[in-house]
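Dropping the structures in below, format is structure tokens.
Two complexes, one shared chain (chain A), two partners (chain B, chain C).
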Partner chain A sequence: MNFALLSLAIPLFCGLLLLLSGRALRTRTTGFIVIVSTVASLVAAWFALQEAAAAGADIMLNLGGWETGLAIRLRLSSLSALLLVFTALMHLLIGLYAGLSRDGIKRDYWALSCFLHGSLAALWLSADLFNLYITLELLGLTAVAMVALAGPKAYKPAANYLILSLAASLFYLLGVALLYGRYGELDVLLLAPRTQADVITRLALLLMTTGLMLKAALWPLHLWLPPAHASAPTAVSALLSGLVVKGPLFILWVLWSEVAPPTLAQQIGPVLAIAGMIALTAGGLSAMRSPHIKTLVAYSTVAQLGYALMALGLLLTWQLPQMHIALWLFVIAHGLAKASLFLAAGEMQSSLGTKRVDGLRGATQTVPVAMFAFAVAGGSLIGLPPSGGFLAKWVLLEPILSEPGNWPWAMGVLLGTLVSAAYIFRIVAISFDRAQINPLDINPDRVGHWLALLPALMVWGMALSGEWLIRLLAGGPV
Partner chain B sequence: MTLSWTTLLPVLIILSSLIPGLLIFATPEAAARRRIILNMTGVTVKLLLVALMLAGVSRGFEFRFAIAFLPGAELVLRGDALALQFIALSSVLWLMTTIYAIGYLENSPLRSRFFGYFSLCVSATVGVALAGNMITFLLFYELLTLATFPLVVHRGTPEALRAGRVYLAYTLGGGTVLLMGIALLHSIAGTPDFVPGGYLTSLADEHALSLRIAFGLMIVGLGVKAALVPLHGWLPQAMVAPAPVSALLHAVAVVKAGAFGIIRVVYDVYGIEATTLLSLTRPLAWLAAVTIIFASVRALQQQDIKRRLAYSTVSQVSYITLGVSLVGPIAAVGAIVHLVHQGLMKITLFFCAGNFAETLGIHKIQEMDGLGRRMPWSMAAFTVGALGMIGVPPIAGFISKWYLATGALEVNQDWVLLVLAGSSLLNAAYFLPLLYRGWFRAPPAGGWHENNFAGQRLETHWMLLLPPLVTALLSILVGVFAGSIFSPLGWSQFIVNREFGL
Partner chain C sequence: MNAIELYLTLGIAVFLLSLHGLMTLYDPIRRLIAVNLMGAGTFLVMVSLARRSEVPDPVLHALVVTGLVVAISATAFALRLIIAGSKNDKTDSGGGNRKP
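Then we have the complex of A and B:
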């Protein structure tokens, strides 16, 4: 548990340090400090993962030694440890890009990314609905500030994002208040055995779900996401799509799989699963039509979250806890792949001087490495073997196919695959166009292009540790 | 896991083309020599390794490499007799096609990219052959799609891109359906290694419906690449690719991967017993028969040489499916041997069609008049390929048809003889006019469109001429020496003895 706390504390302290230092440090030094601290946090998270895996059960910690019920309670499960590693790894990969690529990034990015990292780590470890609210709020505010880093043209999407994020937090907080009034308890584990399917609980859960779905941009509450993610600086888009939207999803999962009474969970399950299928199709179709590269990638996030939502919905419908393996494999695979997609898209945009999909004609010749990164990462979104996306899809398909009554749900996976293939290969096909090549605007930044490829290679490498990941997420000693 | 040469050999065979491929990507465009050396080293090493494995398997060695992947489904590479049939074919033809492609693409742009994907494509094909279970098969099957797409759109023209999109729509769609089938099968029986006789016989009663659906899904998924009607639409379109790519797609990699998959599913997953129990063979046989006849008729309607050859591929590859679905040992020999025979003959035809186009700018059948006088060697090789397709002894195609026909009689499926006879007549109808024009008509009075390599000692570039001559010669040799154990026929017999437990 100490390692987990360390993994959470390092980025927070680093962020505070950077705030206090003000303008004293140069941007490069700042970046270097953040990357070193991210590595430290990653190592700590790795040890926490070992600890959680060895324990085979959740490890609880009451901060400050207060007794349960009063104290801030943290929970380290093998899932939260894995998410700690994932968060640190994503920050490292994207931090390396932000620090080493030629375009660089504003100084404020570094402190903000530290806070983002810290608040996400706190979110994975919290086991209390109110603490989760705090982390959610921190996460939202940091994310809004990061979108605004892109300058005046991003202010409008950032402001919209802020308003929606605050509204969503209010919904959530209202639900929390209702639950507290009803049960006098907010600790997830204490609340879980007591909840009943009465009107107040229903209302509270409904409010919280709306807020969380809005924050996670789950269909049909996703409309704010494409403009916000597409207008942010490249590294920020990668963080937002790869990590930030997963935070509220985690809370949604905790809420419905642990807090809510099973009868209610079974009622909402199919609704969520169908929303997921619609997200896959509708998000994918929007991505297919999108004229801009980054908007396409952002819509693909909406679509891919549909898989996660579908996994969550089916988990609740069938009350199959092991379905959460599919859910979190999707989250991790999507995070890594999406990081690559956004970094590659950003690099191609700046090298080719265009934001439009048409501008990618001949990109396999002009920006081969970035285009390759895009295609490789896209392969994981489609779910081609042996990528991480395939792993997740496989785990999702298993319970669907094992029971003939569940087969209709396989259509969702089928549709999702085909639609993702359509929008990814829309880009790939254009990039092979040799008839009217769009020439380079500036010399491509080789380092940036290769760094964009790195997360994509990792998501394909996930397959090699597939069995280990699945056993880890299944709980029990590894 | 102990590492010995028998575990490593399957991996090395894949790496022998994968590593040169990756190095070629990093080779500067101008370094043509380095690229050729990389290509040739890869091919040579691969051929040696395949020869080693061939010797090992015929002495009864087991080659198996496995690593963990999914729970209950490892990644398995295994060299068995059936795998070797396909690997030996693809390695030999890879050598020929590489020589041909070097000559064909001389001085054209983007060669590093081309040869890089070319090598990846062969690695994926060999992976399909070596796959030891359905999951591994799926993995390489999809990688093959990805590796061939850049080759199909290599020219980068609007037509090439359109063909590429069609190709992807078909193959990725097929891959998804195949995944569904494999996942469904996995939920019933897990994913053990391929085993002669299959592993589903004991489940056939209990899960009849699910197994039938899984079979249907897998055949649809594999049928896309094997170009079974009505899933063949991508193949004639993909003709816009450069000639060596068409040759590779048609004779070795893509269509064969589909056909090979069907062989694996019927023999080593379901097994003959379960396929018969579930009455799956009859529909498959009808599908194959319809494809054979329909595609031959379509071929007759084409005026473009390459498109006619494309429809001929659709028709000929279905001989394999037909032979498999007859579930008799003799027909099975015919099917498995046709995998190799069709490859040798079809690649000869495509090489020659490429030579006509490159040398004289000939694309249409009407333009072939008098071709034999200007390009006698290419025309001779083309003739061998075409006659072989029709089934004239002693060329390879005759052996396949003979075994398919006697195999059909053995299992009392006399209607198949009608299909074979009809198809042979149609083959003759769409190939003989080409031969007639080439040999017996006078060359056009106004001369040829283009006339490259005129007045030189050879009728065209030696690298374009050598491969079709070698493959034409091979098509005759495998027919003449069919009786030897190391001929494709002898080897097919060896495979079938194991599959049918004879």
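Then we have the complex of A and C:
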């Protein structure tokens, strides 16, 4: 548990330190400090993962040494340890890009990214409904501040994002209040055996689900996401799409798979799965029709979250542990691939001097590395073997295909795959158009292009460690 | 209906009315006020839930206090963003209906 706490505390203290130091440090020094602290947090998270895998069961910590029932508890499971490693890794990859690419980024990015890292780490470790609310608010406020880093043009989408995020938090909070009023308990594990399928519980769960779906931009509450994510600076878009939307998804998973009584979970399961299927198609179609590169990538986040929602819905409907593995594999594969897509899109935008998809004509010649990163990461979103996306889709499809009665769900996955392929190939096809090449606007930044490729290579490397990941998520020995 | 049930109903009613406001209004300041009222409704529910026992439940009071802190800081941040955004709008519109 100590290593997990270390992994949470390092970015938090680093962020506070940077805030206190104000303008005393140069931007480059700030970036260097943050990257070193992220590496330290990653190492601590890795040791926490070893500890959690060796323990075989959840490790609990009562904050302040109070007895169980009174204390706010933290929980380290192998899933939360894996998510800690994933968060630190994403921050490291994106931090390296933000620090080394030529465009550079405002100084405030570094302190905010530290806070984002800290609040996500706290979210993965919390086992208390109110503590989860606090981490959710921290996450939302930091994310909005990071969107606003893009300058005055981003203030409007940032304010809209903030208002919706606050409303969503209040939905969640009202649900928490109702659950506490009914059961007198906030701790997830103490609440779990006591919940019953009565009216108050239904109402509370419905309110919390609405809030969380709005926060995670799950269909049909996703409309705020594309403007907010597309207007943020490149590194921030990558963090938002790759990590931030996964936080509320985690709480949704905790809520329905642990807190809610199984009968209610089985009722909501098909609804969530169908919403996921619609998200896949609707988000994909919007991505296909989007005229701007970054908006296309943002809509693809809406679509890809549909897979995660579908896995969650089917997990609840059939109470199958295998779907739990599929859900978290999707989250990790999508995070890495989306980081690469946003970084590549941002680099291509600045090198070619255009925000439009049409401007990518001839990109395979003018910006080959960035375009390669885009195509490789897109391959994982489509689910081409042997990428991480393929691994997740395989685990999702296996139980669906084993029973003829489940085949309609396979159609949803198939449709989603087709639509993803359509919007990725749309970009790839335009970039091979060498008849009317859109010339370079500025000399491309080679370091930035290669750093954009790095997460894409890692998502293809995920398949190599697939067995290890699956065993870890299944909770068995590694 | 006793007093606590009345307050609970009122809290939910405030929450729903302001939700309606949030969904139908366009002006960002009005929407922010609507969100704040949603918060007020939620806190009213929490405080009246705490009053059900003879000794008021301290946990719910602690939650309300924490919620208020979050709501105040978030509102301040949102106001700053909205004001900065509207200034930006005025400089962008390029004349026409700009005030002298």
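Odds and ends about this structure:
We take it that the second predicted complex is superposed on the first by the 478 of 478 C-alpha atoms of A that agree within 3 Å, B and C clash if a C-alpha of one lies under 4 Å from a C-alpha of the other, contacts with A are read in each partner's own complex, and residues count from 1 in each chain.
In the analysis below, a residue touches a chain if its C-beta (ideal position, glycine included) is under 8 Å from a C-beta of that chain, and two chains touch if they have at least 3 such contacts.
Only a predicted model underlies this, so the values are computations on that prediction, with no experimental measurement involved.
Looking at the shared chain after the overlay, A:K156 reaches chain C, while chain B stays out of its contact range. In the superposition on chain A, contact is made by A:I134 with chain C only, not with chain B. When both complexes are overlaid on chain A, the residue A:D433 reaches chain B alone and has no touch with chain C.
When the shared chain is aligned, no partner comes close enough to touch A:W66: not chain B, not chain C.
Of the two partner chains, neither chain B nor chain C is touched by A:F13.
If you count the residues of chain A touched by chain B and by chain C, you find the higher number for B. Chain A has no residue lying at the interface with chain B in one structure and with chain C in the other.
Of all the residues in chain A, the ones that touch chain B in their complex are 362, 364-365, 368, 379, 382, 384-386, 391, 393-394, 397-398, 401-402, 404, 410, 413-414, 417-418, 421, 425, 428-430, 432-435, 463-464, 466-468, 470-471.
By the touch criterion given at the top, residues 130, 134, 137, 141, 144-145, 148, 152-153, 155-156, 158-160, 162-163, 166-167, 169-170, 173-174, 176-178, 180-181, 186 of chain A touch chain C in their complex.
Residues of chain B touching chain A in their complex: 67-71, 75, 110, 113, 135, 138-139, 142-143, 146, 149-150, 153-158, 160-161, 164-165, 168, 172-173, 175-177, 179-180, 183-184, 186-187, 209-210. Interface residues of chain C, counted against chain A in their complex, comprise 15, 19, 22, 28, 31-32, 35, 38-39, 41-42, 45-46, 49, 52, 59-60, 63, 66-67, 70-71, 73-74, 77-78, 81-82, 84-85, 87-89.
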